[in-house]
Structures are given as C-alpha cells and as structure tokens.
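In what follows, structures are represented as structure tokens.
Consider the two complexes below, in which chain A is the common component and chain B and chain C are the respective partners.
Let's look at the complex of A and B:
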C-alpha cells in the first residue's frame, strides 16, 4: 500500500514538472511578449520604463532562467503580477474562486444526486423499453451545446416569462435588500447557470454509474450470489452496488477539468464573475501572468484530485495496490 | 468482419438515421455555393434582423445577411474542422499509442505520463489559450484541437496494439523478418482500425462542439466567415427579439454533434461481442 502511494506521488511530482514546462513553453511560443501588448495600450512609453518592465518580468534573461524564476514562484503559489492591473495573480484568482466554486458545487451536487440513482436504475432495468428511451434521451442531452441551452433558457425564463434574471450574480438593487432578500436574489441568479452547468454532467453520471454497475453484474461472484439463493434485492444492494461505486471515485479526477472548461462558457454567457470569466478576459488582453497562473493552478488542482482518487481507489480495491504495475 | 459489424450497427434505427443525417450535412457542405439561396456575406441593411418569411426562410442577422445561406456555408466550417482536427488527433494518437503498446516498458511509461499531463489541463483552457493567443483561424483551431484531443485515440490504439502484438499473425510477420515499423503500420494498425473509428466519431462530435463554442465566444473562425457558432454569437446580442438567430444554428450544432455521437456509440456496441 505504502509503496503504491509513494509511487503515485512520485508520478505526480513528475507530472507537475511536466505541466509547468508545457505551460511555460506554450506561452513562450506565442508571438509577442507582454511588452508588445503594453505598447499597444500606452502610447510612447519611455525606454527606461520599458526596460524596467522587462526587468521586472525577467524578460531580459534567458528562457531557462525565466522558467526557473517562474517555477519557483509556482511552488509557493506566487504567479507574479498581472500585466493588466498590476495586482498579484494569486489575489485575483482567489477573489474570483469562491464564485466559481459556488456555481460548480451546486451543479455537481445536483447532477450527482439525480444522475447516480438514474444510472443505477438504468443498469438494473437494462434493456426495457423505458430504460432504452431514457438512455437515448440522456445521450442526446450530452450532445446539447451548453451555450445554446443557456441562450434558450435566457430567452424562455428571462425574456418570454420574465421570471428569472437574465445574467449577473446579483440585481442592481442588491445592496439595499434585507439579508433574506439578498439570499433569495442570489439564489434566483444561480438557477439558470446551474442548470446549464449540470445537465451535461447529469448525462455523464448516468452513463458512468450505469456502465459501472453493468460491469459488476456480469461478473462471476454475482452469479454465485444468485446461485446460492440470495434475493435479487440483496444481490443488488449487498454485492453489486458496493463494487460498482468504486470506479465512481475516479470520476472525481476526471470531472474537475471538464467542470472548469464548462465554467469558461457559462461564466462568459451569464457574466458570472468567476475564474472562467477571468481566464477569458486575461486571454483577450494577453495578460500572460494571469493566463499562466490560472492554467497551472487548475492543472495542479486536477493533479491532486486524481492523485487523491487513485489512492482512494487503492484503499477501496485491494486488486489495485497488490496488482501489477498498471501505467 | 466488417459485414458482421455493419449488420449489428444497422440493427439500430437511430444509428442509420444518424448516418443518413451526417451524409446530408456533408452533401450540404460540399455543394454549399450551389444550394445557398443568397450570397452568405451579402449585407442588406434595409432588412436587418427580419424574422423568417418567404424571402428569408430563416430570417436575417444584424447586417441583413441571409441566415439560411450562412447556415449552409457554416456547415463547411463545422465539418472541415471536425474531420481535420480528428484526423490530426488520430495521427498523433496512433503514433504515441502504437509506440506505447508495441514496445511497452519505458516507451509505454513515457507516453502514459505524457497523456497524464495533457489530461490535467482543462481542455477548453488549452484550446482557447492556443487559438486566441496565436490568432484565431481555421488552421489554429484545427491544430489546437488536434494537439489536445489525441489522448483518447492514443489510449484506444495502445490497448488494441497491446492485444494484437502477440497474436500469431504478428509473430509470423516478425518471424519472417519484418521490421517493427512494417509490423506496426501494415499489420497491427489496420487491425486496430475499428475501435479507433469509434473514438474518431466521438472526436468529430467534440471538435464541432468546441469549434462552435470558440466561434460563439468570438475567438473562432474570423468574421465574416459564416459559422454556426458565429451566428449564435450575434444572437446573444439580440436575444430579446431575434429568436430565429438562436434556434436554427443551435439546432444545427446539436443535431450534427448528436449524430456523430450516436454513430460512435452504436458502432462501439456493434464491435462489442457481448452485445449479441
């Protein structure tokens, strides 16, 4: 067990180094540096001023030295200062993070709480007419572009019916409201973005939990349980379900990157002031330190989540930790 | 083998409908200039944002351009990016997957770490970053998508090669003195084709979805090239009354993506010997 965890951690360190090198290389392959963008914003800055900026961002040093400076910072979550408003990137990310977390957490809960039971039901009722129809339905749900769904929801609920706010996180009169009204106002603003974020995940959870349980049901020990006379309910709950939940742990590491990807679109449409919005704005204004910082930060979060999931998986399933080296 | 797979595939009515639908969309994309009722870029400011009528079947956009014609031409962008990005992902993925599966050991280990690194990044962050920072164009979108989505293909190919490499026909090729590259390209990869096509079908669906998302966000194919996501991007500004700008392009994206997903899904079922 310890050996397995140590090995996974070593891999994680290697992956971490790979992530930082990849991000750094990518951003430096882009034509133009922050200075060129600064130039297009500020007319005629003095030469010493330019040199000072170059020096501050270590742009006057070799690429390898630049990487070392930057990677050292990353270790301590110091991503430098934004070229846009000169505030520390870490501060900018931490400011916006709670908004994204709130949205994603609610969407995740909703999708998991609805999706898992439906998936398990589908596996148990596999092949029946209603199950097959619902499978097609969820499959089509998965193909719906989120930005289209968002626009349709806006058009229906915010414009035609006029019962929900079209975008933003709070109403204009938010500061004047009482505490209860403020809470209600925030909740109303959450509804459309949460639906947009959660429906595609819902389809993923249904599919994943269904295939996990189906996989288990096909195995010999389930046949054994049936043969020894266990009731179908006991086979399902005592034998199958427990084993089917194990692979669900891996979803943890898998969904985080797709959640963050989804946030970019949803936050752009609903003008939600989170990190997806921040990333998009930083890309458009070529704010390299923020782009780099956000990319690396999200990749590291994903790395930890999948490491955590792998270790949890090994704890839950002895075959992993005692089995051979599966790369 | 292919006829068996086809028979199993065709058993699903939905799959056949999806296949026909993709055929129709492809035909529309190929013959776009012939069948579009108007020039997709011809502006007519007298008819800005007019609702669908007998002259403009699907209405006009903010510059008075015919939405139907722009949708027909938009199919080109979606399919070109969908297919070319997937082809690139297939080439890169097959290369890494084949090396990892065939040689195993250190090669496998390195490729696995590489995949792990790519998968740690939020997909859209990478694509958006590459496309926007390198100047949006058909080429950058294709390359960005291809370079970020090869991991699925690589894993499929790796698994297949691993399964095939020690079968008799591969051993026979090796015994008769064939070089590794010949065994991989002539003997193993063609036999790994079917499962790889499954992931390719999902890949096309994903590429079309991401391309339209990029165009929607304003960093996709440059204006005035007509694209489905681009029309939706305009729709967002006039959402209060121009419903036709929202409904039609979104429906086109959804149905095309769904068709490719259905094909991939049913094809996978057809390959699964347990499905009988």
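Let's look at the complex of A and C:
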C-alpha cells in the first residue's frame, strides 16, 4: 500500500512539472503578449515605458530563461505580480479562491445530495414510466443554457418578487449586521448562483449514479444474491451499491478540481468575485503571471484529487492494491 | 480545509432558515421636502464599474475606470471644461512663453493633500519626473510628456513651476489634464509601482476610504477640501461586469448609473413606467469606426481604388439597421465635437455606380468575364481583417462584401483573435481592417498620419505618405494661435477625407441610464458625463430620495 502511494506521488510531481512547462509554452505560443494590451488601448503608448515593462517581466529574454525565472519563484510560492494591476498573483488568487470554493462546494453538495439518491432510485425502478419521465426531465434541465436560467431567476426572485439580491456576495449593510444576520445575508446572496450552478450538475449525478448501479445489477453475483433469498433492499444496499462505488469515486475525483475552477458566466451575472472571471480576464489580457499562477493552483488540486481517488480505489478494491495498476 | 468545509454546511442551514428572514432593513429616508432645483448637501452616489480598476496610482493609470476614480482623488493640474477646453485645476492660472516651449503654472495656494499637507510645486515636479521615467512604466500617461525638457523645468517658488519642452506642441495643454499630482513625501517611500495600488493621498475633493478588489471602491468627501466642495458625501463604486445585471440593478435602485446597450435603448427607454424613475441619455464621445487600407499593398496604393471601395459601404443602412439610428456618419479624422472638424467636407457617398467608374479609371476591368475585375491578369481580391467575436464588425463587413461583389470585387472576411490582429496590423501585415479609435479632446494626428510614423515607429500602419499632409500636421502642431490651428486642422480634415487612407464609417452614440434621484447631470462635448469639470462633481441627490445612507454610516467606522 505505501509503495503504491509513493509511486502515485512521484507520478504526480512529474505530471505537475509537465503541466507547468506545457502551460508556459502554450500561453507564450498564443499571439500577443502583455504589451498588446497597451497597444490596443492607447493610440500612442510610450515606447520606452513598454520596453521597461517588457524588461521587468523578462519578456525580452529567451523562453527557457523566462521559465527558469518563473520556476524559481514558484519554489518559494512567489508567482510574481499581475501585469494588469500589479498585485501579487498569490494574493489575487487567494482572495478569490474562498469565494469560488464556497459557491462550488455548496452547489456540488446540493447536486450530489439530490442527484445520487435519485440516480439509485432510477436504477432500481429502471424502465418504469415515472423513471423514464424523470430521465427526460433531467436531460431537458441539463440542456438549458445557464446564462438564460440565471437571468430568469434574477428576474423572478430579485426583481418581480424582490426577495433576493440581484448581485454580489454580501449587502452594503453587511459590516453592521450581527453574526446571525451576516450568515443569513450571505445565504441569501448564495441562493441564485447555487441554483444556477447545480441544476445542470444534478442531471449528471443522476445519470452517472444510475448507470454505475445498473452496470452492477446486471452482474452474476447479484443474481446469486437474489437466488439465495436476500431482500431487494439488501441486494441493493449491501451488494450492488458497494460495488458501484468505484465509478462514483472516479466521478468524485473529477469533480474536486472543478470546485476551484469557477464559472465565468455565473460569476459575471451574479457578480460573484471568483476564479472564473479572473482566469478569463487574465487570458484575454495575456497576463502571463496570473494565468500561470491559476494553472498551478488548478493543477495542484487536480493532481491531489486524482491521487486521492487513486488511494480510495485501493481502499475500495483490494485488486488494485495488489495489482498495482488502476483499472 | 476544515473551516471552509464547516462554513458551507452552516450556510446551508442558514439557507433553509432565510426563507423566513426578511431583507436587512435600510434606514428609512427622512421625509424632508426638498426643492428640486436647489442642490442639497450629503448623500451617497452608487456608480458602476464595468471592470475592476487596476489601482489608484494616477501615474500608472491604464483604463477609463482608473480615471473615473482618480478624478475624485486627485486634482488635475488643468481641468477640462464642458467643451473640453483647459480650465483652472490645481493650477489657478498659467502663462505660455511666446515660443510655446515653456508653461508657467501658478498653483492654488490653499491646495492641500488629503493628509493636510500643502501641495507644493516640488510635488508637481516629482510627479512629472515619475511620469517620464520609463521605469515607472507609465505607458499611457507618459506620451503626453515625452518631449519634456527637464533641464529647463524648474520650481520657481513653492507654488510656481515652469515646465519646459524641447519642442512646442499646440496640443500640450490638454495633456496637463493627465498630470495628477501625488505628494513626494509619501510616494517617494517604498516601491512606487507596487505600494500605492490600494492607497492614495491626493489633492482631490474626495479621499479613498477603501478598495476591495473585485468588489468596490468607496470614497468620502474631504471636509477640508480647498476648492469648490462637491455636494455628495460619499461615492461608492461597485464592480458589476455583466451589462444585463447592471441594467436590472439600475431598475431596482441598487446602482445610480450605468451604460446601456442599443437593445435596451431601443426596447425599454420609451417605456413610460421606466421613464418616471430613469433618466435616459444618449450622446457622442470621441471615437470612430473606420476601415484601414494598407497603402503598402499595390492594389490599395491607388487613391481611386480606396475611394471606390469606400463608396461601396452603405453607411446609411448600417446606421439605420444595425444601430437603429443611434449612430452617425463620419467624414474624416475629426468628429463633429472636435474643433478640427470641417463641416464643409461631405461624408463619402454610397455610390456603387461611381465606384465602378473609379475602378475602371484605375485600370480594373472584368476582362475574362468571371464577374471579378482584374488588371494585368490579377483579380481584384482583398482580405478584410476584423476582430473575432466582435458583434458589430461582422455585419458591417458582410454588407461591404455584398456590395463589392456587385461591383466585381471579391472581399474575403477574416475574423482574427484581437491580440493577433493588433500584432499584425501595427506591424503592417494586413490588407484592410475594420477598427476603431478613441480620440483625445485635442487630437494630434501625428502618430496616425505623419509619414515618419509608419511601422515600427508609430501607428501610421496604413502607410499614408503625403508630404502636404505632413506639412499641415507639423504646422498645426506648432501653431499656438487657436483660430489658425482650427484652419489647419480643417484643411487636414478635407485632405484626409479626399485621400481616404481610412474609410471613416461611423460614430456610435453612447447610451446611459441614470436614476432620476441624481440631479444636475450634464454632458460635455465629447466626454459624456464624467471626468470633465465640474461634471460629476456637481451632482446631488435630494435628501428625501436617499436610499443608501447605511453605506455612509458604515464608512465612518473604518
């Protein structure tokens, strides 16, 4: 088991270095650089000042040298300063990360808590009229564009009914409220973004958990369990569900990175100050340090999540532990 | 991880509770009847930022949003009035030497910074030095001061400074509007570029209470302000990126002003229920859309061809169908709001018949009967670059494509990633491009149209080379007599309209919506509602219509 985990960790470190090199190469391969921002915004920007900017961010040096400069910084968790607003990249990311985590985690929790049981129910009732109808319903839900749903929700709850805020994470009065009121205030601001984020995820969880369980139910040992006289509930919970865990763990592993990736649309519409818009904006303005910083953050979380999933596989399935390879 | 995990759970719990919760209460507005015409002191204005600011160091200003804030915190050396002509700012008065190289500024003796210290001529000099030092990376403010003659620039006494230039530049005065003085005593400490992003000490009528990146900027009026004190006590800027959200927030009363799109203008600005509470404005600012013709290309080097191509663009149809009448045609490099504009120059007419004749004159005929004009065996094919993702550019390009096809010109539309497009265009590697310029109030056409400014030196990426135009540009740059300068610019306007290095397309009006509780909102000639003087400094809100007083209450605790 320990050897397995150590080997996985080593792979993760190698993958991480690979990701940083690939991102570094990619963002520099894209046409334009931070200087383009000035050229597109001003009729006649100061050329000496632009040269100074180029020099400060080492843009006048070979790509490999630039990478070494950057990698040295990363070793000490110094990701440099944004070419846009000059704030340290680390501070820019850490300011927004909790907001994104909070929103996405609640949306994930809501989608999973509702979606997984519905999925299991669907697997058990597979093929019946109600199950089919609900499947169609979830597909429809999944295909609704989120910007449209967000604006409809805003129109209904924030404007017509006037019971929820239009945008933002807290009210202007927030600092003057009591702790309990502050909590309620935050919750009120969370409702619409959470709904917008979770309704599509919901459909994914339903489909995924249903298909995972259906796969297991078809196998011989379930028939054996039924034949030996186990009740349908016992078959489902004790035999089927336990074996459907592996694909669910995979889904979990895939979900964790998305918790910090943010959503450009929901963040923009509800003015939720998160990672999604930061990513979008820094790519558009070719803010290299910020793009790279965000990539590192996402890469680390993704690698940890897949490492975590790998270890969970090993716990859930002894064959993986001894065989030493993921299925 | 633990606190993060437990908090969402708590919040979920609160989420369930909150259905029963009411909205946090706002302080009820005091029912004091106010005269609609007499300004009343106090109140909080809520403004929208379409994009977060880059910081509050005025030397490093990068966007118009930065300027929106800076104009409250710092007094420009020279203000621009409603016609965007120089008016007193930090400098009460000034003299210009007869050779146009030296400007003597007399600072307002009572002027103080928000820390109570007087504004001295040495502070102005310090700021100027910071602006022109390449290491400050003041890429957008520095160009206005690039010919500064530091050797002859000197402080005469604590309130008088002479700023000297190596060459006279008639448009220099306008650039002093970008000189926002910072106190040397404060800003010379620490790292100039990095340490004054979120803090500011300026001589303006407001001081910075707080900046929360990605969220808001809160300003508070300085009760010790040395000049004409504004009426509003607080100004709160909220970052609202999404246009639809901002429009909803305005209707709901969460913000007091926002730019609106043509769609909102068209669909909602005539609604009587909205007009009761919302003040809709439409005005032109200093910009235009144009097609750049690269004269380095053998086809486009011929003026007749450029004029012919321009005559195939149905600007009237664009204005009426694409912009629903909320745009206007532009005849040349100056817009009607600028003094260089020549009212006698007609807009290039939409005339495909005349265009065909011009192309024939230039030697382009359809000799092989394939429907495309040719000359010397080469067909008349062109590529028009547009910015990928631009909603307005594509229909304009398609309309031109359609009309050109009828005349016998094949136009290929190439949507290109903006960053790549800019790189190609400023390098001169393109044939034609649909672009836009934002203009200065007193524009110097030098970087765009002077022959010395072809790439890589400047922005003359159309490779327009005309000695007569060079002469006019140079003469207008030196001419200190305003009326003579107007004449020179108008002559240049006519010359460029004739030569068509660009085909000027149109100017799209800016639409704004404001909550009617905000009084005394005026438009300038070219800058819209903000950053001229007095502009937004003259706004006020009647006492009985103040709904955001809580904001002000929380600020005093900070």
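What we mean here is this: the second predicted complex is superposed on the first by the 270 of 327 C-alpha atoms of A that agree within 3 Å, B and C clash if a C-alpha of one lies under 4 Å from a C-alpha of the other, contacts with A are read in each partner's own complex, and residues count from 1 in each chain.
The rule is simple: contacts are C-beta pairs under 8 Å (C-beta built on N, C-alpha and C of every residue); 3 or more make two chains touch, one makes a residue touch a chain.
Quick caveat: nothing in here was measured; it's all calculated off a predicted structure.
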Touching partner for A:190 - first (chain B), second (chain C), both, neither: second
Partner chain in contact with A:151 - chain B first, chain C second, else both or neither: both
Partner with the higher number of touched chain A residues, chain C or chain B: C
Partner chain(s) touched by A:109 [first = chain B, second = chain C, both, neither]: second
Which superposed partner A:231 touches (first chain B, second chain C, both, neither): neither
Touched partner set for A:277, first chain B, second chain C, both or neither: second
First (chain B), second (chain C), both or neither touched by A:85: second
Partner chain(s) touched by A:302 [first = chain B, second = chain C, both, neither]: first
First, second, both or neither for A:181, with chain B first and chain C second: second
Partner chain(s) touched by A:26 [first = chain B, second = chain C, both, neither]: first
Chain A residues contacted in one complex by chain B, in the other by chain C: 30-31, 151, 154-155, 159, 166, 268-269, 286
Residues of chain A touching chain B in the complex: 11, 14-15, 18-19, 22, 26-27, 30-31, 136, 139-140, 142-148, 151-152, 154-155, 159, 166, 218, 257-258, 260-262, 264-265, 268-269, 279-280, 283-284, 286, 291, 294-295, 298-300, 302-303, 306, 327
Complex contact set, residues of chain B against chain A: 14, 108-109, 112-114, 116-117, 119-126, 128-130, 132-134, 205, 209, 212-213, 216-217, 219, 229, 232, 235-236, 239-240, 243, 246-247, 250, 253-254, 257-258, 261-262, 265, 274
Footprint of chain A on chain C - complex, ascending: 4-5, 7-8, 10-12, 14-15, 17-18, 21, 23-24, 26, 51-55, 60, 62-63, 134-140, 142-143, 146, 193-194, 197, 213-215, 236, 238-242, 244-245, 248-249, 251-252, 254, 417-420, 422-423, 426, 437-440, 447-448, 458-459, 548, 550-551, 553-554, 557
Residue ranges of chain A in contact with chain C within the complex: 30-32, 36, 38-46, 48-53, 56, 81, 84-87, 92, 95-96, 98, 101-102, 105-106, 109-110, 151, 154-155, 158-159, 162-163, 166-169, 171-173, 175-177, 181, 183-188, 190-191, 268-271, 273, 277, 281, 286
